[in-house]
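We just call them A, B, C and D in the order they show up, numbering each chain from 1.
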Amino acid sequence: MSTGRLEAFSDGVLAIIITVMVLELRPPNGSDFSDLHRSATSLLTYLLSFVYIGIYWNNHHHLFQVCKLIDGSVLWANLHLLFWLSLYPFTTAWMDEHFSRASTVVYGVNLLLAAVAFTILQRRMMRMPESKDRMAEIFGRDRKGKASLLLYATGIGLAFLQPWLALVPYIAVALIWLLPDPRVERYLQRQLEAGNTEHL
Amino acid sequence: MSTGRLEAFSDGVLAIIITVMVLELRPPNGSDFSDLHRSATSLLTYLLSFVYIGIYWNNHHHLFQVCKLIDGSVLWANLHLLFWLSLYPFTTAWMDEHFSRASTVVYGVNLLLAAVAFTILQRRMMRMPESKDRMAEIFGRDRKGKASLLLYATGIGLAFLQPWLALVPYIAVALIWLLPDPRVERYLQRQLEAGNTEHL
Amino acid sequence: MSTGRLEAFSDGVLAIIITVMVLELRPPNGSDFSDLHRSATSLLTYLLSFVYIGIYWNNHHHLFQVCKLIDGSVLWANLHLLFWLSLYPFTTAWMDEHFSRASTVVYGVNLLLAAVAFTILQRRMMRMPESKDRMAEIFGRDRKGKASLLLYATGIGLAFLQPWLALVPYIAVALIWLLPDPRVERYLQRQLEAGNTEHL
Amino acid sequence: MSTGRLEAFSDGVLAIIITVMVLELRPPNGSDFSDLHRSATSLLTYLLSFVYIGIYWNNHHHLFQVCKLIDGSVLWANLHLLFWLSLYPFTTAWMDEHFSRASTVVYGVNLLLAAVAFTILQRRMMRMPESKDRMAEIFGRDRKGKASLLLYATGIGLAFLQPWLALVPYIAVALIWLLPDPRVERYLQRQLEAGNTEHL
């Protein structure tokens, strides 16, 4: 199967998740600048989750630029990823309304399970015969992916001690992914130089 | 007519339905793990409906991979299917808030009518001259489709006796569809081997 | 300009409008079948607006199958149409919550202005040099379009007398459009027979 | 990288933002025409924000018609723009519910930051080697863009004196962009005349 419709559907779901969260942002109840203050943490929480979804969209985009022929197992691995991402508005809203040990742990567990789902999706795609070698070359070591899993797990542990501490590793994951992936950029650069624009 | 825009529109609607349901998930009112408990059944109901919509997306994707030229009747048969699927958030929310005989019956009726609409869509597509033979070969017997209709009807009957019992056949339908359809996979495999990538 | 992105954006907006309305459907407050009764009129109102949006999607699809090169004025005529369609959830919700002279008049005015916007869009597209002749041949007389404008205006008049009466011409418009447009089907059929699949 | 998926994702986000704002429009509480009066300012505010998003979609569409090969920095510049646009429903709702100095200043700041983000995106895209010359020729002077930044800043200043005054420059920006960009139209016209339909 080709990946066109899977990409379109995932784009739709990610676009909705990223904008649905802004619906949770209630406008301030008063009319002064000071009333905006209460919305400030909500805005920061929204920003964090926006960045995560943006990162997933970016990485998803990279994966499917390299791998173009998939089977049914990839469809389900992708839906599995979308399921955990679709819970972000829910866990984000809880952490925003009740910042506590429980809500930061649950937020971290959601982040961790989405990262695990992404790893599974990547592994499934590495088995597709058509793109096996390219995928292994580019995503084979996956140090960023492994570091993310570790950081999320650390965050969940820290959340049990002190909720605010958990945010440090959570934010660290966002930071290490914010830069575009040099492996994919290099691969695409080489393709371009080789005059092979088919996979661009 | 080609199917490109119909697929894009359906992807949009399905993507929204699948994520709109998560908006119904209210974050817990307290800040402890125990407060999450009340959200647990909501999460399971959400998971069930997410899986159903995922299955429909998968099957819809399969149908339109085989049939590429359609007429106006398919447009309406598709909108008819989307109508029943668009009611899932409504019937899911009712069953979640008031788990009762009435709400499980209505949920089952919604599931059944969506399955009937899918059967109608498939039948209409089997009449398209361009893909008639391929469609008949792949979807001709449609045992899974018939079993689903039977299971939904059984669930509706059981719901009158005891709401919880209805969930058994409802979940059974999800399980029999979770695996990708070997008929389509085999067809696509043969196409690939024959070097015919036009329909992929 | 080609129409690809305009179609994708319009599909997105229409997909959201059609599903956003279902969010207005509140699940019943009780757990019995009788509690569903209160939702019944909401469901019928939802069905009516779903059918209208479905018709617009169908007709929009037909227009852009015939006309493939557009200019900036078509972009704005299309956004103008989407604006009036985006108000359907608002006017539908008002009519549903307060069925009165005012709300049925406003609903009709919304329907009428969307129909006027569609007529403007069609006229603009008839001026595109590349598809001028095809468009004039297919959409030249536009009897259905003119009948719709007349019926909506009649409905608005009747709503001043008696709100329920207004629904008769409103529903009549939906019925005359439910069948696919034979003019477009004929055109596409001829193209297919001539082996010209470029515009399909 | 090609721009197909970036455009599809942006279309999705913009389509949702433009329609999500209509969800903020509560239907009137009464059943008379006079009850609609209270919704009138909400409708005007909605219209203004709809026009802004429509303008961004138009301009975004123009940008990506000229530039077809991008790198990772454009992906993030685009997400940065979508972030500020995704806050429109939030700042629009606040200004609508509490029309005050603070809310009009914050609305203006949101408009300004989105315009800055668009300028950054355009600058990044002007560096792409493949389309550098075309971009410089078409968007080089960018007088409309600079005028917008100035007008937004003026509006924010005026909002501190008198909230209503701020609306004059805000609306002025919408008006100067409502007309399609003659630079892009001219470019596309020349391409068409040269028989070069590749970038259309």
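We take it that a contact is a pair of C-beta atoms (placed from the backbone, for glycine too) under 8 Å apart; a residue touches a chain by one contact, two chains touch by 3 or more.
Given the structure is predicted, the values throughout are model-derived calculations rather than measurements.
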item: Chain whose mean Cα position lies farthest from chain A; value: C
item: Angle of the C-alpha superposing rotation, chain C to chain D, to the nearest 5 degrees; value: 90
item: Chain C against chain B, contact positions shared by both copies (same if over half, else different); value: different
item: Inter-centroid spacing, chain B versus chain A (mean Cα positions, whole Å); value: 26
item: Cα-centroid distance, chain B relative to chain C, in whole angstrom; value: 26
item: Computed distance of Cα centres, chain D from chain B, in Å; value: 37
item: Touching two or more other chains - residues of chain B; value: 8, 12, 15-16, 20, 23
item: In the complex with chain C, residue positions of chain D that touch it; value: 7-8, 11-12, 14-16, 18-20, 22-23, 25, 27-28, 30-33, 35-36, 47, 50, 54, 57-58, 61, 64-65, 178-181, 185, 188, 192, 200
item: Residue ranges of chain D in contact with chain A within the complex; value: 1-2, 5-6, 8-9, 12-13, 15-17, 20, 23, 69, 71-73, 75-76, 79, 82-83, 86-87, 89-91, 93-94, 97-103, 105-106
